[in-house]
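Listed next: structures, encoded as structure tokens.
Both complexes shown next keep chain A, but they swap its partner, so chain B is in the first and chain C is in the second.
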Partner chain A sequence: MTEQGVGASLRRKEDARFLHGRGRYVGDIAPRGLLEVAFLRSPVAHARLTGIGKPEGAEERVFAAADLPEIGPIRANSALPGFRASDQPALATGKLRHVGEPIAACLAASRAEAEDLAAACRLDYEPLPAVADMLTARAPGTPLIHEHWPDNAFLETRRDEDLSDLDAVAAAKVVRRLRTARQSMAPLEGRGVLAEWDPRLEQLILTSSTQMPHVTKTGLAECLGLDEGQVRVIAPDVGGGFGYKGILLPEELVCAALAIRLGRPVRWLEDRLESLTAHANCREHHYIVTAWADAGGRLLGAEVDATVDAGAYSCYPFSACLEAAQIGSIFPGPYTLPRFRYRTVSACTNKPPILPYRGVARTGVCYAMETTLDALARKLGLSAEAVRLANLVPPEAMPYRNLVGKVFDSGDYPEAVRRAVAAVDVPRIRARQAAGECVGFGLSVFCEQGAHGTSVYHGWGIPFVPGYEQAQARFTPDGVLELRTGVHSHGQGLETTLAQVAHEVLGVDPARVRLVHGDTALTPYSTGTWGSRAMVMAGGAVAEACRLLGERAIAIGAALLQAEPGTATLRNGAVQAGEASISLDQIARTWFRHPQNLPRDVDKGGLEVTAGYRPDPDTGTHSYACHAVTVRIETETGLVTIEDYVVVEDGGRLVNPMIVDGQVLGGTAQGIGTALYEEMPFDAEGQPLAGTLADYLLPGATEVPSIRIDHMETPSPWTRFGQKGIGESGAIGPPAAIINAINDALAPLGAEVTDLPATPARLLAAIEAAR
Partner chain B sequence: MKPAAFDYARPADWPAALALLAGGARPMAGGQSLGPMLNLRLAQPERVADLRHLPGYAGVEVQGEAIRIGAGTTHAAIEDGAVPGRLGAILAGVARRIAYRPVRNRGTIGGSLAHADPAADWVAVLPAFPGHAVALGPYGERRIPLARFVTGVFETALAPGELLRAIELPVLPETARWSHWKFCRKPGEFSKATACLLALPDAPPRLVLAALDTAPLVIEDATGLDPAALVTSISDPWRRRLALTALRRVLEGAA
Partner chain C sequence: MTRRPITLTVNGRAETVLAEPRTHLADLLRGELLLTGTHIGCEHGVCGACTVEVDGAPARSCILHAGACEGSGIRTIEGFDADPVMAALREAFSAEHALQCGYCTPGMLVTARDIVLRLPEADEARVREELAGNLCRCTGYRGIVHAILRVLAERRAT
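== the complex of A and B ==
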């Protein structure tokens, strides 16, 4: 490791821009002649749309579906057997399927005037009964949301295994009904899109707050009937993604079509009300988990019946089954579960489509598995730690293939648990409990598959399958190294970490490395930044491009030094042969400005390389962690205070440990939100009940404790530097660990919390119920 | 969301402000409640009268045994000690826990009281004091006892055409006992239960229970109060429990 290469906690190159308020977001970009858009949205969850009355005199500034027939529907189908296809119209046609669904675009010089237009529109509709409860969505007689379907479900998946013998042999059996809330992701910056038509290039330029510009480009071209060459997507600075910004939005299609139609720039900036109520929904799971264990806490088998409220439409590109269909494959978690049976349902309801959120299905699955393990531990009189250690995949079994075919690459899972428990004074917590204090200690353990590729995704048959990741590395004539990647950085610090990778390979000073990203016209195609993949995939691709670029530079350098080919090496940003050396700057200058000095057999590709990369196997890296939490509960009010929070995390080789700490802290803060605060309730008519951040509570600085992080660094045997995907990890563990701690504290009262978030009202209700 | 169009007026003196009000303008103090309501289009006034530049709207004056706090005095000024003595210390403690500092920098004591959100801090606290709200109308000033100022949810004793001019509170002896408790899971969240208790020497302890679905409940003499009896009308079990806790805490905690 050098002071600036892989493994260094280099300060982030991008922070000067952000900390001085010089970031440039969609909302900062306002070309001349800009028209702002406000959307007329559905006020009801389920209805037949019979008419739209445009305000008199404004007929030319209000566009409904019939006015924009050039926009095709969004189709995000899965090839999984039994998946039911649905079309999501960019603007509602015929039916309204959730509150907030866009119906018409209203254009004006300012957003306020555009909202005036939307408010003046008349809407005619015949209300239909809303399907607001995923558990009864398929009941006979329930109105159909997509009328060509037999019932309200996108997909059901199963794994059948007869577990009926386990009742007789198990020392303990527990059954738990568990629920996670529907949440709304809350990046600081909402979505936003600016669409322009360039008549010279005959090209649509869509500037969007997106984390996946290339996939957005493909989706736009498909839905608008354009060649992909006619679409350029730019993702400028983006204020947080978390999955929400990986989705192709109806609003993107509408703004694009309007810009083409009108020849004027058109912009829509999502506000918080739209984000909360119409869009950023995620996470709503319901579980019935049955688990059997022997007297030592060793799992004998588990059965899971899971339902996910997938909302009204299938989101592009991840589809409506991104949560539920994964539950079966990730429920066994980091454990050697021997027998397993499941059924999962992606229920269709009159709510906004469920979207992927940091951790995707894992946060709910970890919650279900880990709370069930604690229930077993309590029943068997074992410690939480003992039950984990009895079931975790041991290090000597790595790489390990579990019963549903997941392959874990490396790691010492039990050691993470031992370290987390050792970091906490558990005997003192037990003494405080004995003295009558309502305090508790809880653990969660999980592993996170990241950067999984073709072999995993092709089976899903969703609109995109990640393949080889490409990166470009090239020198400019003054010796600056330019990296071009299709992944986008929106908080991950890739401008810094990819420069560290380049430095590791070429020795170029990271200050002299520029990352070009977020523009489909300038970067190689990529599925983008999602699934904890950027550092593994783009890191690998940048390393490979730099390696090839280095070979070319060495050949030129050796010739310039009049050294024998093969004797020259690249060190500290210079080609060296014996005592002689020549800097990469000089080599770059020679290629671009003094080609007369190049050797005759020089590689004519020059100092510009595009390279591709995919780990082999590409089944993904598995980072893992143990979260250990101490809580105190005020039994008079139900208020939970997190006294202590420990994360022991293994992300393989850390490219920049400081940035990884930031990822873990941010993710954990979001997980605390899932555990204790965040909830988007709906009434029986499908109306969302939290329209502002005064109603939808997010954890703030005062709610997030000081988190103690301990790193293990077990390299992945399959990636370029041994790095693993780590970006989502922090958001997975907190609900399980926090609720386990709460239930540990409540155990003397005989009370147990099962539904997220564990609000004071739910805690008091649980305590009351136990009386 | 952006507000619907409205006219903005900035009256330079009180007669101009009252004239605007008579013409149907909506008065705005710090704008920390009205601002979001405008943005969400929950309020769509034709005209907003910005009171912040009226002479004497903000500021604190000691007038013998009374302290007169201009309605436009910000929470932040009170937090920072604008009100002297024992009273000032009590009010600063309340102000410090109102939302966040950026809200306190603009939000005002009078704006908050006149808005009469049942969960608001001054709505919950001021009725505990033997003082008055000073209303200014076309016929001059009148004094309304603070315990009777807020009459319901978003309702006050202000008559149409009247503005809240100031709050008058008594200078308190150092021996005044005070207790205040509110339940928020995080700063900035609306209180789910608030209670406070003021005990002056040689006077019965006064208690307020607030953040209910009604005007605050003012108990002029809390001696021998049975907290459980006071909360029976709260239907939600958790809110009832919180209100009970609030009452018990202030009854135990007055110091």
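== the complex of A and C ==
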């Protein structure tokens, strides 16, 4: 490791602009002649739309579906057998399927005036009974959301295995019904879109707060009937993503069509009400878990019946079934589960369409598995730690292929548990419990598949399959190294970490490395930043591009030094041969400004290389972690205080440990929100009930404790530097560990919490029920 | 809607701008005055992304009517370049990795500077309490809290 290369906690190159308020987000960009859009949105969850009355005199400034026939529907189908196809119209046609669904775009010089217009529109509709509960969505007689379907489900998946003999042989059997709440991901910056038409290039330029500009470009071209060359998507600074911005938006299509039609720049900025209600779109799972274990706590088998509320439509590109269908493959978690049976349902309801949120299905799955393991431990009189150690994949079995075919690359899972438990004074917690204090200790263990590629995704048959990640490395005439990637950085610090990778390979000072990202016109195609993939995939691609660029530089440098080919090497940003050396700057200057000095056989590709990269195998890295939590509960009020929070984490080789810590801390804070605070309730009519951040509670500085992190560093054998994807990890473990700690504290009362978030009301209800 | 002139001082410069009565200060700053460092996260006074200094104290510019700021002195994140406390905070925020996407950062910094100046003896619990009105969705707060404590400690040491 060098002081600035892979493994260094280098300070972030991108910090300066943000610290001075010079970040540039979509809402900061206002070209001349800008028209602002406010959307007229559905006030009801389910209805037949019969008419839209435009305000008199404003007919030209209100656009409904019939006014924009050039926009085709969004189609995000999956090739999984049995998946039911549906179209999502950019603006509602015929039916309204969730509160907040866009119906018409209203344009004015300011957003306030555009909202006035939307408020003045008349809406005619015939209400239909709403399907607001995923568990009864398929019941006979329930109104159909998509009327060509036999019932309200996108997909059902199963794995059959006869477990009927386990009752007779198991020392313990537990059954749990568990539920996670519907959430809004709530990045601090909402979505935003600015669409412009460039008449010279005959090109749509769409600036959007997105995590995946290239996928958005493909989706826009498909739905608008344009060539991809006619579309350029720019993702400027983006104020947090977390999955929320990994989607082709109906609003993007509408703004794009309007900009083309009107020849004027058109902008929509999502406000918090739209973000919270129209886009409350993640995490809502229901589980019935049955698990059998022997007297030592070893799992004999498990059965899972899982339902995910997928909402009304299938989102582009991930589809409506990614979350539920994944449950089958990730439920065994980090364990050597020997037998397994499952059924998963992607239920269709009159709610906003589901999107994968940081951790995707893992947060719910980890919650279901880990609370079930604790229930088994309590029943068997074993410690939570003992049950984990009895079932975790042992390090000597790595790489390990589990019963549903997931392959874990490397790591010592049991050691993570031992370290986490050793970091906490558990005997003292037990002593406090014995003294009558309502305190508890809880664990969760999980692994996270990241950067999984072609071999995993082609089977899903969704609109995209990630392939070779590409990066471009090139020198400017004065020797600055420019990196161009299709992944986008929106908090992850890629402007720094990819410069560290380049430094590792070429020795160029990271201060002289610039990352160009977030512009489809300037960067190689990429599926974008999702699935904890950027550091593995773009890191590998940048390393490869730099290696090839280095070879070209060495060839030129050797010639300039009059060295024998093969004797020159690249060190510290210079080509060296014996005592002689020539800097990369000078080599760049020679190629661009003094070509007369180049050797005759120089590679005519010059100092510009595009390289592709994919790990082999590309089934994904598995980072893993153990979270260990101590809570204190006020039984009078139901208030939970997190006294201590320990994370033992293995992300393989850490490219920048400071930034990895930041990802773990931020993810864990979000997981604390999932566990204790965040919930978008819907009433029986499908109305969302939390319209402000005073109702939808995000954890603040007083709710998130000072989390202690301990790193293990087991390199992945499959990636360029041994790095593993770890961006989502923090958000996976908290609900399981926190609820296990709560249930440990409540055990003397005979009470148990099963539904998230564990609000004071839910805690008091659980305590009351046990009385 | 009719626009009326409002006169106020922004980052030391006298400005007269036209605004509708319903315009809030954040929109005025970001729109008319091109000061986009002030961010908007909720427009209902909860997230703190829009925090600026109004007459020397932090305030949420999204729930302040621009018209109510007639004659006020406003300082936004763009107006602290010569301020040594802000310079120390910027340095500490970077060293402690107190920002990721940067969206909460300008508001955080204005609040942080107020904490440092008003509560020189603040401990971690107090700093966290004082930050309760500024949400960050990215960092989990540890870096932000550590950065503020670092500047407090530096100032106590000199």
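In the analysis below, the second predicted complex is superposed on the first by the 770 of 771 C-alpha atoms of A that agree within 3 Å, B and C clash if a C-alpha of one lies under 4 Å from a C-alpha of the other, contacts with A are read in each partner's own complex, and residues count from 1 in each chain.
FYI, contacts are C-beta pairs under 8 Å (C-beta built on N, C-alpha and C of every residue); 3 or more make two chains touch, one makes a residue touch a chain.
Note that the structure is predicted; figures quoted are calculated from it, not measured.
Asks: After lining up the shared chain so the two structures overlap, which partner does A:Y677 touch, if you call chain B first and chain C second: first, second, both or neither?
Replies: First partner only, chain B.
Asks: Tell me the contact category for A:A669 with respect to chain B and chain C: first, second, both or neither.
Replies: In the superposed model, A:A669 contacts chain C only, not chain B.
Asks: I'd like to know which partner A:A694 touches here: chain B for first, chain C for second, both or neither.
Replies: After superposing on A, A:A694 lies in contact with both chain B and chain C.
Asks: Is A:G573 contacted by the first partner chain B, the second partner chain C, both or neither?
Replies: Neither: A:G573 stays clear of chain B and chain C.
Asks: Once chain A of both complexes is superposed, is A:L764 in touch with chain B (first), chain C (second), both, or neither?
Replies: So A:L764 only meets chain B here.
Asks: By the touch definition at the top of the document, which applies to A:A112: first (chain B), second (chain C), both, or neither?
Replies: both
Asks: Contact-wise, after the overlay, does A:S706 reach chain B, chain C, both or neither (first, second, both, neither)?
Replies: It touches chain C, and chain B stays clear.
Asks: See if chain A has more residues touched by chain B or by chain C, and give me that chain.
Replies: Looking at chain B versus chain C, the one contacting more residues of chain A is C.
Asks: Kindly classify A:E636 by the partners it touches after superposition: chain B alone (first), chain C alone (second), both, or neither?
Replies: first
Asks: Between chain B and chain C, whom does A:G528 touch in the aligned arrangement: first, second, both, or neither?
Replies: After superposing on A, A:G528 lies clear of both chain B and chain C.
Asks: On chain A, what residues does chain B touch that chain C touches as well?
Replies: In chain A, residues 112, 271, 692, 694, 700, 702 are touched by chain B and also by chain C.
Asks: Which stretch or stretches of chain B touch chain A in the complex?
Replies: Residues of chain B touching chain A: 1-5, 36, 40-41, 183, 185-190, 236-238, 241-242, 245.
Asks: Per the contact definition, I'd like the list of chain C residues that touch chain A in the complex.
Replies: Its residues touching chain A are 1, 20, 22-23, 30-31, 35-44, 46-47, 49, 76-78, 81, 90, 93-95, 97, 99-106, 109, 124, 127-129, 131-145.
Asks: Quick check on the complex: what are the chain A residues that touch chain C?
Replies: Residues 11-12, 14-25, 27-28, 30, 112-113, 186-189, 237-242, 271-272, 490-493, 658-659, 661-662, 665-670, 692-694, 698, 700-702, 704, 706-707, 730.
Asks: Which residues of chain A touch chain B once you look at their complex with the stated criterion?
Replies: Against chain B, the touching part of chain A is residues 110-112, 115-116, 119, 271, 273, 636-639, 676-677, 691-692, 694, 697, 699-700, 702-703, 759-761, 764-765, 768.
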